[in-house]
Amino acid sequence: METILAFVIGALYAAGIYMMLRRSLVKLLIGLGLLSHAANLLIFTVAKLVRANSPVIAAGEQTLSTPHADPLPQALILTAIVISFGVTAFALALAYRAYKSVGTDDLNEMKGTDV
Amino acid sequence: MKIVSLILRTTVRFLFPLLLLFAVFIFLRGHNEPGGGFIAGLVASAAYALYSIAWSSKEARHAVGVETRMLIGAGLLVALVSGLIGALGGQSFLTGLWGYISIPPLFKVEVGTPVLFDIGVFLAVLGVTLTIVFALEEVE
Amino acid sequence: MIAILTFSIFAAAMIVPLFFRNGRRPTGWLIALLPLGVTAYLASLFPRAANGAPETFSYNWAEEFGASLSFRADGLSLLFAILITGIGTLVVVYSGDYLKKNKNLGRFYGWLFVFMGAMVGVALSDNLLLLFVFWEFTSLSSFMLIGFEHEKESARAAALQALLVTGGGGLAMLAGIILLGQAGGTLELSALLSNETAVQSHPLYLPALILILLGAFTKSAQFPFHFWLPNAMEAPTPVSAYLHSATMVKAGVYLLARLNPVLGGNDVWMYSVGGVGLLTMLAGSYLALFQSDLKRLLAYSTLSILGTLTMLIGLGTPRALEAVAVLLLAHALYKGALFLVAGALDHETGTRDVTKLGGLFRAMPVTAAAAGIAALSMAGLPPLFGFIAKELVYETGLEFNSWLMAAIIFMGLSNVFVAGVVGVGPFFGRLVKTRKKPHEAPIGMWLGPALLTGLSLLAGLFPGGVSSLMVSTAVSSAAGEAVKVKLALWHGINPAFLLSLGTVLTGIALFAGRNILRNVLRKLEWKWGPAYFYDRTLDGMNVLARIQTRLLQSGYLSLYLIIIILTLSFGAGATLFRIKDISLPLSFSDFRFYEAAIAGLIVGAALAAVVLPSRLGAIAALGVVGYGVALTYLIFGAPDLAMTQFAIESLTVILFVLAFYHLPKFNILSSPRSRRRDIGIALLGGVLMTALVLIAVNVEIAPPISDYFVQNSVEQAHGRNIVNVILVDFRGMDTMGEITVLGIAGIGVYALLKFRRNRGGRQ
Amino acid sequence: MLADIFILIGAFFMLVAAIGVYRMPDLYMRLHTNTKSATFGVGFLLLGAAFRFQNLDISARALAIMIFLFVTAPVAAHMIGRAAYFVGAPLWKGTLSDDLKGRYDPKTHELMSKSKTRKTGDKPTK
Amino acid sequence: MNLLLPLPIIIPMLAGTAALLAYRSRMIQRWISVIGSGALLASGIWLIVEVERNGIRAAQIGNWPAPYGITLVADLLSATMVTLTGIIGLAVAVYALATTSAAHETVGHHQLYQFLLMGVCGAFLTGDLFNLYVWFEVMLMASFVLLALGGERGQMEGAIKYVTINLMASAIFLAALGLLYGLAGTLNMADLANKFSNGLPEEQAGLVTTLAIMFLVAFGIKAAIFPLFFWLPASYHTPPVAVSAVFAGLLTKVGVYAIIRVFTLLFIQEPGYTHTLILILAGATMLTGVLGAVTQKEFRRVLSFHIISQIGYMIMGLGLYTPLALAGSIFYITHHIIVKSNLFLVSGVVQRLKGTLELKKLGGLYQSLPGLAMIFLVPALSLAGLPPLSGFFAKLSLVQAGLSQGQYVIVSISLLVSLLTLFSMMKLWNETFWKDQAKEYENAQQPVNPGEWRTMFAPIAGLAALTILIGLSASPLFELALRAGEQLMDPTAYIRAVMEMPR
Amino acid sequence: MSFVNFAAFFLLTIAFLLAFLRLIKRSNQPHRISTLDRVVALDLMATLSIGFMTLYAVETQKTVFMDAAVILALIAFLGTVAFARYLEKGN
Amino acid sequence: MNYFILNIALALTWAMLIGDIHPVSLFTGFVIGYLILFTARRALGPSPYFGKVSRVIRFAFFFLWELIKSNLRVARDVLTRTDYMKPRIIAVPLDAKTDAEITLLANLISLTPGSLSLDVSTDRRTIYVHVMYAENAESVRREIKEGLERWVLDLLATEKE
């Protein structure tokens, strides 16, 4: 399954990157979303996959007995998910604000500050 | 103002407390079963978000009762304080301290600063999500 | 004491401008007391230097860098320092009148004192880094003084040019100093000077030499860096007299003389220093011939002398060094006087064009007398000090070969010519009408020239006493061995004298035909001099800068992202392929059909998000990606993740939908070509990540640390859901940061959407 | 055994829902299958799970999910159906009659009880 | 003592939260901001004193032993960076009182500012890579908002690039992090260093180096090195001056810090490959930045491009990879943070006076405000490396290090760039201070009341004084930097401090 | 995997496939109308996911997987309503 | 508005969620439910509660049967060709008055055979239903009014006594 997910991750990165390269601001946001899914899945996959055995200790037990999924990457991904939620929300507000003041969502029109 | 569906509004009224209840449930079991402050906070925000979609952000704000940014502040503060409790006791910052609250023989609950911390997380997530949802809804 | 002395001049630089506040204008005479006092004190140090026990001072400063506050007042240093403060005194007095009406006189004095302090520092430093510090200060103050009339574009440009050229040289010199320090093991001059053999046999000797020479050459306006000096004539005349003839430009000469014992005495030194000096001498002498602006004339003739001095140091014989010391002094006296005269002329008549000046003797008798005597010294006529200097130079030239001698004669010729044009031309002959009605300059302005020419005369008449003492002490320092010099006005009729006589006569002839000469030479003027290259270099840099900036900072976000992805892909890819036996282990056996279906769903939905033409469609597809990812989490034992992902997914949809009320619809903006390009880039990134995952999955450097959490979660952290325990306890710090991020996002969205510019008013 | 049957029925109805959503001729009819068959299918699946596990934990969760779904599914369908009408989603050509036609006020989204309360001609002009 | 390390994180968090809770009162928020920044500076000084006295300090957050919990670590580099954050934090907090609009304050400027400082300090102190990611995000999120707040077109355009590219960097960082965890099973940097230190087999070593490159790209974007710097010149000149001052001084340096940290602690297996690459990038960064500055016609844009070129110097020390060179880098960073922030603050005064920063519309300020002109000269000349200011010793130590390594090319570039910097600074001087104000651009100067004037001037003058002080007594700071550099070159002390620090 | 579970998973997989096909189906109708169809498909997928999770819990004998299903049952509604409200409001 | 009933319901739900119907969990559920109702009191308008158990059970059986019938029919239709369908959008006059009655009715309509509530008129007098098999609109109206609506009114009416 790691192999398949590796390709899924690649596809998500590719799709995300492609969307970020579009000229439309809104597409860029969707690209960001895809990219964050890709990164999370990457962490998940590389940290080894274990089916079904979640890192939750049964009531009354002191520890896990069976092979189980690694809890640490899960915690990391959870953090990353929440952060990217915040980022997405902010980016949306920014996009709105930018669209209001620039008058277009065409990123190629937004190059007044560079040269 | 466009008229909003009666069916939606009535159903949401019913769902709203249910979702909040569920949030509390998810929160309390989080330390032992899947769940916790984040998810609980998200579910609770979903309740208010739903409310604000069905009614309006104004009424949803009224339902929350406090300025949502205060919730964020409160959440951060609670989390910080939970970390400082251990530190002021001479331990390292964010050290978990545990104890029991019990009313024998009715119940005995284990409480600790990590739970307090999780409350902070809950409040912060709730506050943030609502701040964002309401602000986006109120864009003219 | 000598350290305090140096810094007191800097202190004066800060204090003096304060005297000029609120419209008060103290006289230059008063202010001149400081440099006068310093001069007197420096002179008092001479005997000690002559006895081989110079005054020193040393204090720790930044020893890690090899820098210390070391000062040493030996003969060479003192000769130089006295020159600086002595002429400085006159210039201070002179400026008081010259800039009487200028509202920024206070600032002028400030920078002038910075300069003076820096120059004294250069002369007295016994640590190369300390010397460099002062060296840079001379560049800076020179910049400020050249640009003193900063409303003028030309003044600003000239100031910048001087700064860049000397500053650039300074940086080369800095590198050279460091290399020299590495070669000699110290940056203390006095220690280095006794370490000649070690330095010269060190492999870093040559680079250090070249770099230090670059510093000295730029500062002393040696060919091909000479062009900044004539342009620096934009400065007020006292500045030109002081910095650009008497003192600062001689800092390079000083440095060469100073380092001669440790760096010199070999062929490389002789040919590089001597050669460059020779070229400068020729170029300056030639270019002086057809100038009509008083100050530029003087500037080019200064160049020729600077070249001569450098050449002589390159030759390096005791006699050559003797000639250096004498010429240095003589030139400072007569050229300083002539510059001040030029200033007085400009001040009184409103023009500096020699073709528009004439017959002023009657109107400005004192100035004319001073000018005439100075010119005689410049032309090398007895009984002036310039004569002695010229004789020494000629004698040195004769020691070498006739080609060199010919070049020196050309220099002498040019100087005679210039002396005539500047010191004689404006005062004699027919009176030419000028804009202002000319009359004698105020005393402050004629006192300087008068004193300087007086000194020229005195030193010429009595070359024995003081001058001999000074020169021999200085030459001893420069030669690195004790040299006894006995100066005399008259050596009898010898080849040098005859050549000298011939030079003067030819020079006078040239002066007589000056207008014809000027016109002929102007036609031959060569446009592609170093100044041209300086300008083209600047232009070139500007063009290059513009092109590279246009190219890199294009303003197109997508190009930026493309560059980032390409950098990542090629950087990481190339590094990955350095591994020899790299394998991409593929395994398509270990999966359930529904898992593959979910994988397919994710990929399909991701493609749909890319392809779907409507925004909400794309959002829905993104939602499906989220569901698929969440199910993947679920299958592989991460229910917390799945729950969070589901919840976040729904809330995200709300946010998108709310925001989309106010955002425009999808438009296809890009061309098919750029889409093809982007597909390529995207695939490149995707392939890289897939490859990395595939490789990383099968490599394990160490097992994960998670077992600790499993073992301690219940017992020590009181929780069975290990993921949650990690979040709120084991790694609570992460979570704290994370809710802060979230909190900021909340504040941010609120702030962005609720911001009203005029709320509360003031911006 | 019973659990297996329930699970199969549930899965079957979910497939039915999917087929319906895929191939029903108009949006409203797709809503029908989505609301009913899918919910029904999940219900049976949950029932199957409850029977399979035979513990209160799972039964309670199953019940909770069912309640949520049975409350939300019809409302969701209503919301989509309502939106569909505003957006102008076409009815299948075989549709026999449409009482809703002309009864929404496109500006206020007010929905009339009878078409006669306001004629098309009475609409305030823009 | 148990709060020594977390304090620089706690203080701004508390201040930010308090300001958030006091959202109704601008006045309270202002006080909180200044007091919080002051307290941060105090905690930074405490930290640096402790680290000086007792060596590298570590704190196991939550009392969990390393590498399982999160460890905060302060070596001299970290402590220095935290102290600098305090200095700039306080200076800009005070400055902001005079320049921040009420509208900005109302929607949360002070809160965001404190959270920004929190993220910066967290990044400097953490000993855990994922935690570093989190602090990066804290800092970025706050910077996003501060940058975008105000909503003018230019600001929006800049913000979008800044946000997008930084998010791209975060994504790369996160991916590299995930891969690294997959390989080594830990996130604690000391633990990782331990695991990498005992001669990895070729495939593993190669993979680690590949990840090193990923980290270099991710941090390189944040640090604005060549060719990843675009976001900086596109955005730094757009927000209010107080904001761009703190960005210019601190934010890119967090990226530089991260690069230095991982390339002295984790990725030191193949310095011949990685560090040489860094050296090449350093040269390119210096050149490209300074050439960019040459083309600019606006005050803050010139300054922004110079940030890039100076990042090159900071990276140069790492590329040379000797204690002396690293000391040079640290010295340079210290110098740069103070000087660059100050230049931006000066630009703010100019803007306040003239209403614009377009060079062609400026002029005449030497005549009217010589004091300001002199205060400009100090950081400007320091930036160009003129002795005896701080920048001179910063440059000198790098040049000395480079020459002693025989790296003549990079030294030549660094010297050339310093000349061009001088050129550029003097261009600013010419245009802003020397040149006469062009008549057609003369506009009514906006009145500045004396209180505002003092509030703006105090931080500028203070930072200028600090610049001179560092120059005149470079030894103590350089000794500190040298010890910091030695600590960096010998990671065992760091590892020992983290892994053996009692819970 | 028992036959029943296999069969159920299989049916669900096909159902997912069909729902996905509906989601990506292009139509020549205006975006707002086709979007509603996509919303229906998304809603269906949420329900299918609930079913999937239930089935997975049955298959693995782990009750924790039902918890995620509960969350989804509660929350998925929100997205659908938001979409519908947006499209209804339109502009 | 009968908070008490709602509160009980919340307590029960709680216990079910805990997965352990026990005096302690019921009590906890009651307390938490009370707190929630207290927090949410501003959001909650007047809301009647569901009534008698017997009616509920009877209704449940009725409804379940309808559900099964409807699903089989839909399944048949989905799986065969579409020609059987006779869809209409039908306006059904309402006797239900309160929000709860109308909403419950509407939702039940949606869950049962081939009918889907599209909307309720703003004056609450008419409900518009999309029906898949409606050869005769009038008979559909009658079916709804005499079937579901009667049940709903019956169920909810008892509370108002």
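First chain written, first letter: the chains are A, B, C, D, E, F and G, and each begins at residue 1.
As a working rule, a contact is a pair of C-beta atoms (placed from the backbone, for glycine too) under 8 Å apart; a residue touches a chain by one contact, two chains touch by 3 or more.
Since we're looking at a predicted model, the values are computed, not measured.
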Given the touch definition stated above, what is the smallest step count connecting chain D to chain F? 1
Starting from the defined contact criterion, work out which chains touch chain B and chain E both, please. A, C
How many links in the shortest chain of touching chains run from chain B to chain F? 1
If every chain is reduced to the average of its C-alpha atoms, which one ends up farthest from chain A? C
With chain centres defined as mean CA positions, report which chain is farthest from chain F. C
Please list the single chain whose C-alpha centre lies closest to the global protein C-alpha centre. E
How far is the middle of chain F from the middle of chain G, if each middle is the mean of its Cα atoms, in Å? 23
Can you work out the whole-Å distance between the CA centroids of chain A and chain G? 40
Centroid of chain A to centroid of chain C, CA atoms only: how many Å? 50
Considering chain E alone, which of its residues make contact with at least two other chains? 13, 16, 20, 61-62, 130, 134, 137, 141, 144-145, 148, 151, 160-161, 164, 168, 175, 179, 181-183, 230, 233-234, 295
Multi-partner residues of chain F (each touching 2 or more other chains): 9, 12, 16-17, 32, 39, 41, 56, 64, 67-68, 70-71, 74-78, 81-83, 85, 87-89
What parts of chain G, by residue number, touch at least two of the other chains? 13, 17-18, 106-107, 117, 119-120, 122
State which pairs of chains touch, listing all of them. A-B, A-C, A-E, A-F, B-C, B-D, B-E, B-F, B-G, C-E, C-F, D-F, D-G
Chain C - residues contacting chain B, complex: 639-640, 643-644, 647-648, 650-651, 654-655, 658-659, 661-662, 717-721, 723-725, 727-729, 732-733, 735-736, 739-740, 742-743, 745-747, 749-750, 753-754
Residue ranges of chain D touching chain B (in the complex, touch as defined): 68, 71-72, 75, 78-79, 82, 107-111
Going by the contact rule set out above, which residues of chain E touch chain B in the complex? 2-3, 6, 10, 13-14, 16-18, 20-21, 23, 59-63, 503
Chain G-touching residues of chain D, taken from the complex the two chains share: 13, 16, 19-20, 23-26, 28-29, 31-33, 35-37, 39-40, 55-61, 63-64, 70-71, 73-75, 77-78, 81-82, 85, 91-92, 94-101, 103, 110-114
Touch list for chain G against partner chain B, complex: 6, 10, 13-14, 17-18, 24, 27-28, 32-33, 36-37, 39-40, 42-45, 47, 99-100, 102-103, 106-107, 117, 119-120, 122, 124
